[in-house]
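Listed below are the structures to be examined.
Below are two complexes that have chain A in common, paired first with chain B and then with chain C.
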Partner chain A sequence: MSSSFDAVVIGAGHNGLVAGTYLAKAGRKVLVLEACGSPGGAAASEEIAPGYQVPTYAHLLFNLDPVVVRDLRLERHGLRYAKGAMATAALDRDGRHLIIGEGLEGLGGRGIAATDLSAWSDMSARLRRFAVTLAAFLAKTPPRLGSGGWDENRTLLELGWKIRRLGRDDMREFLRVVLSNVADLVEDELEDPLLQAAIAFDAVLGGWTGPRSPGTVLPLLYRLTGDSAGLPAARRLPQGGVGALTQAMAGALREAGGSLRCDARVARVRVEGDRATGVVLEDGETIAAGSVLSSIDPKRAFLELIGPHHLDAEFAQRANQIRMKGATAKLNLALSAPPLFSGLDTTQQAERLLIAPSIDDMEVAFNALKYGELPQTPPMEIVVPSLADPSIAPDGGHVLSAVVQYVPFAVKGGWDAVREDFQTSLIAQLEAYAPGLKDSVVAAQLLTPADIEERLGTSGGHWHHGELAADQMLMLRPFQGAAQYATPIDGFYLCGAGAHPGGDLMGTAGRNAARRVLRREGTT
Partner chain B sequence: MTRDRYDAIVIGSGHNGLTNACYLARAGLSVLVVERNDYIGGAAVSRELQPGWTYTNCSYVCSLLRPEIIRDLELSKYGLQVIPYGGGATLMRSGDSFSAYTDHYAYRRELARHSAKDADAYERYSVDVMRQCRFIRPLLLRMPPDPTSFKPRDLGELLFLGKRFWDLGERDMCETLRFWTLSIADYLDQYFESDVVKAHLAGSGIIGTALGPYSPGTAYVLLHHYMGEVDGSAGSWGFSRGGMGAITRAMTRSLEASGGEVLTGSGVDRVLVEEGRAAGVVLANGNVHRARTVISGMDVKRTFLEAMEAQDLPGEFLDQVRRFKIRGSSGKLNIALDGLPEFPQIDSDSAVQYGEKHFTETMEDLERAYDDWKAGTWSRWPYVDMLIPSQFDPTVAPPGKHMMTAFIQYAPPTLKSGEPWDGPAREAFGKTVIDQIATFSPNFKDLIVHAEVRSPWDLEQEVGLTEGNIFQGELTFDQLLFNRPVPGYAQYRTPVPGLYLCGSSAHPGGGVMGAPGANAAREVLRDLRAPQTVREMGR
Partner chain C sequence: MIIRRNTVEARHREAVRPTPFHTRTSAACLSNEWTTWAGYTVPNVYDDMTYEYFTVRNQVGVLDISPLSKYRVRGPEAEAFMNRLLTRDARKLSPGRVAYALWCNDDGHVIDDGTVFRLGEEDFRLCCQEHQLGWLSRSALGFDVEIEDETAALGALAFQGPTSCAVLRRAGCEGIETLRPFDTRDFDLQGIAVTVSRTGFTGDLGYELWVAAADAPVLWDRLFEAGALHDPRPVGLAALDLLRLEAGFIVTNTDYVSAELALRRNRGRTPFELGLERLVDFEKGHFTGRRALLEAQRQGPRRLIVALDIEHNKPAQDALVYLGGKKQVGHITTAAWSPTCKRNIALATLEAVTARRPNPDLRVEIYVKKELKWRRLMARAKIVDRRFFDPERRRTTPPADY
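Entry: the complex of A and B
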């Protein structure tokens, strides 16, 4: 069988679906191909015990692009929020927890010193101002340096102008901290170790960096852009699980006339005369297409789907050198009773919970990662989505989802030898904050970076398809020569988290890529 | 004979203070340099601590000293002689080693012995790093622009910087952005596969820096050690004949020939501020020397937090000075030897017997050494940069005897255990290093006549470097260019008119470079409308 489309999108994760839908809405004949049995990618839910739907990978909507929500009419396609404007509770071993309002607004819980309160209010306002400066560039195609094109130079000038418009003092501070490390940033101004660590957590989440690693302020500002762009709620819990987001997107794709095919793994992109002309599936089927968009990670996209023989040597080498060592694991638990984190009231139990007692604790956990060892007490981001959304667990049962930071991709001795002990130690770590949790575990699922690579196909199991750091951001994401969505292979585009602006469930990369495809074809 | 009034007083007789004073004196100013110690030199100093042996106890090798400064101040005429040395080796626990020869073909063969791929990659690596050196070098002897300013000179300097960057072309602009933000480990991973090759090269990325090789920003630190030259040979390092103190001695002679004066044993108690401007210095001995221009070679913290009254400075400025990162992370052993220690892992006639030796053979060794520092103690298996200058320079040890210098990364300024450095801790630290060297040199311990162990705390006590930081401040982007030492005050001027900074706390930072001293002199002379003796690089 052979068929022909205007555009084929590889991967039905959120970015692939967004790109496909935009193209379909523009009248293109679009096919989205998914290797797994259902769409979702890293935004998927799965049943780990009868009636228990866990968010397999990502567990929160974070900085979901409001333009995508509007353009794709996702709410009409069933996207509902079980909980919005989630606060963060930074857990303390002695129950003196810290509650941080969403978007760094408001501080409560444990007795915070007055000096910290005022320093915090100055600092969070300043960080938000910096984030606003960056936010405008998320939805733009990164400029090419030195290309001489007016569009590119305009984007650069705008960025320069935005930074200047911060005013003298802010601009100086921005240029000082932008490549600095988050530990210095918070330790210079704040005293409370729990507060310091809670901010540092957002700077390193998903990355191969410790709070003391230079360059960690930039990802923190990036994460704050959603709040700053005036989103009603940057962190939200979709009704029916995270998979509901991609379900709604799949609905939008269908409505726009696009097709989705699951269980269709792409073996390679067909390249003829430096031009992508379609894809070949694993079973040998060829699908012809005018454009091919890849939402899988750029390393695999270039080295496996295109193949180094079609690429310039330096280009292939750059693809091979994308920094994407996974450092984040996922623990999903099915519980027969609600977990009770001591010292939190009923509403607080349903917020986003952090285990990160201090910067030094995080740094010690990061030390282990560096040498392929397992951290003793890794930092965690915990959500119990079933508290706000009982539909995802049986009566009385609950689902706990924890993102576990600083877990190596390749562990010394191999995962088989240590997996079970590690899972037990993670549950014990949770038990220390939520006594009784251990005995209520019905089923547990631990996904290491190696598992994530195997299941999702993302090289290194990296959540963001490439480290979010200054050397891989903007016109350097994923690397020079492939940072404008288009690639040296005519008709082949990147549309996933490996492209600007990167990871988290934003959908912006998919939107930007679709716009680029349409412009490239000469229509807007 | 000192006068009671000078045109300018320079605090500190380190290489930057003296460079600054020389340029001012050459412009016809009357200049006094005040030095706390009874000897000159700051951290470019050599002293006889054991009869017959010359200890170069702080900085120990020379490359960064700007050739423009050597020429302008006629340092060769005043006795400075730099003897290039070449190569080095990393000795491995397995008995193998990696030798970095100065001879290109020998080096390639040695690289190929560890990895054929790395031998090829080295060619690319050298070209790429040299390109970065060429990009940064002209920025060294210039004032960093204030990006928030609309003044013509700032705009001009920004344009100069921007144009140099733009002229690199798209590919190299991106490479430069990456170079400035990558860790040395990630940077080297782009070229090499052999761990010992990477570990050997990575040392330059962590020297003097409170960061590990996996920390972003350390590729730049490597550049900071590569951008020098000896007699026009880019990236080379050498010994100053007679020890590093010979540099500051030559500068002092040059200064005195231009009519400047140096007063030792004259620590500054405080900078005199009258009617909001600098008026001179008050010495610890109570003497007052007056000048309308005072230039401090001390680091930014010592200058503003110790030698000045808070009331004379804006509060926000003081806050910024307080948060300046000046983390001590390096120690030093200076060892008088009865003979030449043997390193049997290397052929006795190998050229690298004369080069530097390291004993950290993996990136993990280096990173774990940093982890110890983070935990508040000295590295159990430190990165050591060990040299025997007496192999080249017979003046630093008696005939047949030798002088060893060992630089050690990492040691913290204060120990987490609460133990003072001034006691058994210092000895234990010294023993760690001596044991490490002895692992590879069977006769080393028996040859030791005397060893001087210097922790960051000792460096602070003796040289006055806050926390013992050898660069007068971390070389991370938040403290480079227009951010050094604090944003808005990167042009050598301070909130107090007439007071300037000329030490390594100012652009372009640490190393025995002299550039901050020269740049500060240029700004002083501009402000005084005096004849300009300091040229700008690239003009």
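Entry: the complex of A and C
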């Protein structure tokens, strides 16, 4: 059996669904193919014990593209928020926690020195100004280097102009810090170790970098560009779990007339006469398509779906050398009782919690990662989504979701040997902040970067489909020559997190890619 | 993919890196005039360059070409690998045949050119001027091939000139006269396995012999014994440079800069700019540089390599070329007085617009030193066919028994 579509999208994660929906809305006959049994990709929920729905991978929204939300009318398709504009509680072992207000506003909790209060007020405002400068650029298709085209150069000029418009002092400061490391940035101005580490955490989340790794300020600014209901960098919790986001997107796709097929793994993209003409599924079925969009990571997209035979040698090498070693694991717990983090009041328990005592603690955990070892006390981002959204756990039960940073893809001795001990040590680490938690664990799910690669197919299990670093961002994302959604293979496009602007649950890459497809169609 | 480097580490620390024929070449090198070629030490002139040149044109010359970079490509995807590497169709090359080919980077700029031997269905050998293991390794990503650097393991001799066939037959290469140009065949010379190909860099009747390094000196001796009647002589690199110019052959990093060495992106050269568009096949499937070359073909070349016939008899090496005596339009990369053609010849790179003009008024600025006194000549030049010397015997099979 064979069938034919205007566009086939590979992968029904958020970017794949967004790209498919935009194309369907433009009147194209669209099919979105998903290898797993249900859509969602990294924005999925699953039941790990009867009645316990955990956010399998990502657990918060904080830079979802508002244009995508509006264009796809996601709220009409059921996207609701159980909790908006979450604050962050940076946990202290002695219970003197630090509370950072939503949108970086206000510091509370432990006694913060007056100097830190005013320094943070200056710094957070400054970082937001820098983020606004970058934000306009992130929404656009990045320019192609060396093309000499006016359109391309205009985008570069605009960025230059925006940086210039920051004013002399801000511009100098922006250029001084933009490629430096986040530890230097915060240590220069702030004293409090919890505050320093909380800022640094956002700069390295999901990446293979420590706070002292060069270039970590840029991902921080990139994260601050997101806004939730007007609040920059504010986290939100979707009602019904993160999977509800992609469910809403799948609804939008259906309404726009697009089709979705699950359990359909693409084996390769069919290339004829240097043009993508469709896909071949693992079972041999061929689906013809005018355009093929890939939301899977660019390394696999080029080397496995297209294949080096159809690529220039240097191009294939660049695809192979995308830095995408996953360093982030996920711990999901089903609990029979609410976890009680000592020293936090009831509302604070439901905020975003961080375990990152200091920059040095983070760097020590990162050291272990470098040598394929397990960190003793890895930094964690913890959410108990069932506190705000009881629908995802049985009565009295709760769900705890923790993003665990600095977990190696390939651990010394192999995962089979150390998995159980590591899970126990992570629960013990939580127990130290929330006494009694250990005894309430009904079920636990630990997903290492290796598990994530196996389940989602992302090379290295990298959360962002490629490290977010200056050499892999903007016009260099995923690498030079492939950075504008369109690829050297006519009709083959990248629409996933590996394309600009990159990872997290944004949807911008999917939207930009769809626009690129429509523009390309218009010119031929 | 499997990459075998086979580097002879200790050799890098020696001032003289000998070829497998070194014991023989050093005994024959009366001038003590040596040069380096890809890290090896080889004679530039054995005795007298002019004499060596005429040896090849009139009888048979023996050149130690062992420093050529030699790579073996084997495996189930060897053909697919070669086809993706080269700009011409490797699938059309049958076992037992050799092809002149070139390869480009992603920008469609030539990296190097050389000869490709198809030794079997899944077995190729690539011989070229520059070290290419890095490029071959990088190109092998995703291909089921094994690439081996055979440079040090194989000795190579060019056996060139009108009497080359006769001498090889006497040496024991039975049926050598049936070898057509660009054929390759294995021979057993009294226990020595030798691969002989009818290829060369002199534009004359000639062969190239490929032999295990250990057997190299014995092969040398056998050839000279068998040729006693025809008096083969060793020939140095200086003579080869003149011979190849007469044949119109270009040399990487002399007549054009390899894309691997070009620092500025626009200094690389497409096959079209080298005048080698016949080696580019757009219909054979994808190869590295194909998309860039399609675009380059659409835009047309910016520069072209042309052959020049220059007045007077003073070689115009490295001279600038002017249009109408004023506007600089290019430069000469190789030049010499051709003793056989009796012409002052050169290869030059010119702006394409000028090179394509009918009868452009070209002047070449030649500096001549006479008794330490410099004179400047503005010699007229005209664009001619690149094959200055192209004898019928180069193509005839079987070759005449001189």
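As a convention for this text, the second predicted complex is superposed on the first by the 514 of 524 C-alpha atoms of A that agree within 3 Å, B and C clash if a C-alpha of one lies under 4 Å from a C-alpha of the other, contacts with A are read in each partner's own complex, and residues count from 1 in each chain.
Convention: a residue touches a chain if its C-beta (ideal position, glycine included) is under 8 Å from a C-beta of that chain, and two chains touch if they have at least 3 such contacts.
Everything numeric here is computed off the predicted structure, so don't read it as measured data.
In the superposed model, A:470 makes contact with chain B only, not with chain C. By the document's definition of touching, of the two partners only chain C reaches A:309; chain B does not. Applying the stated contact rule after C-alpha superposition, one finds that A:212 touches chain B and leaves chain C untouched. Of the two partner chains, chain B is the only one that A:176 touches; chain C does not reach it.
Of the two partner chains placed by the overlay, only chain C lies in contact with A:488; chain B stays clear of it.
Comparing chain B with chain C, the partner in contact with more residues of chain A is B. Touch criterion not met for A:59: it reaches neither chain B nor chain C.
In the superposed model, A:235 lies in contact with neither chain B nor chain C.
In the superposition on chain A, no contact is made by A:97 with either chain B or chain C. Applying the stated contact rule after C-alpha superposition, one finds that A:184 touches chain B and leaves chain C untouched. Shared contact residues on chain A (touching chain B in one structure, chain C in the other): 146, 317.
Chain B contributes residues 147-148, 166, 168-171, 173-175, 177-178, 181-182, 186, 189-190, 211, 214-217, 323, 325, 364, 367-368, 371, 374, 476-478, 482-483, 487-488 to its touches with chain A in the complex.
The part of chain C that touches chain A in the complex is made up of residues 80, 84-85, 105-106, 135, 138-139, 141-143, 265, 285-286, 288-292.
Partner chain B is touched in their complex by these residues of chain A: 144-147, 164, 168, 171-173, 175-177, 179-181, 184, 188, 209, 212-215, 317, 321, 323, 363, 367, 370-371, 469-471, 475-476, 479-480.
Partner chain C is touched in their complex by these residues of chain A: 146, 274, 303, 307-317, 320, 481, 488.
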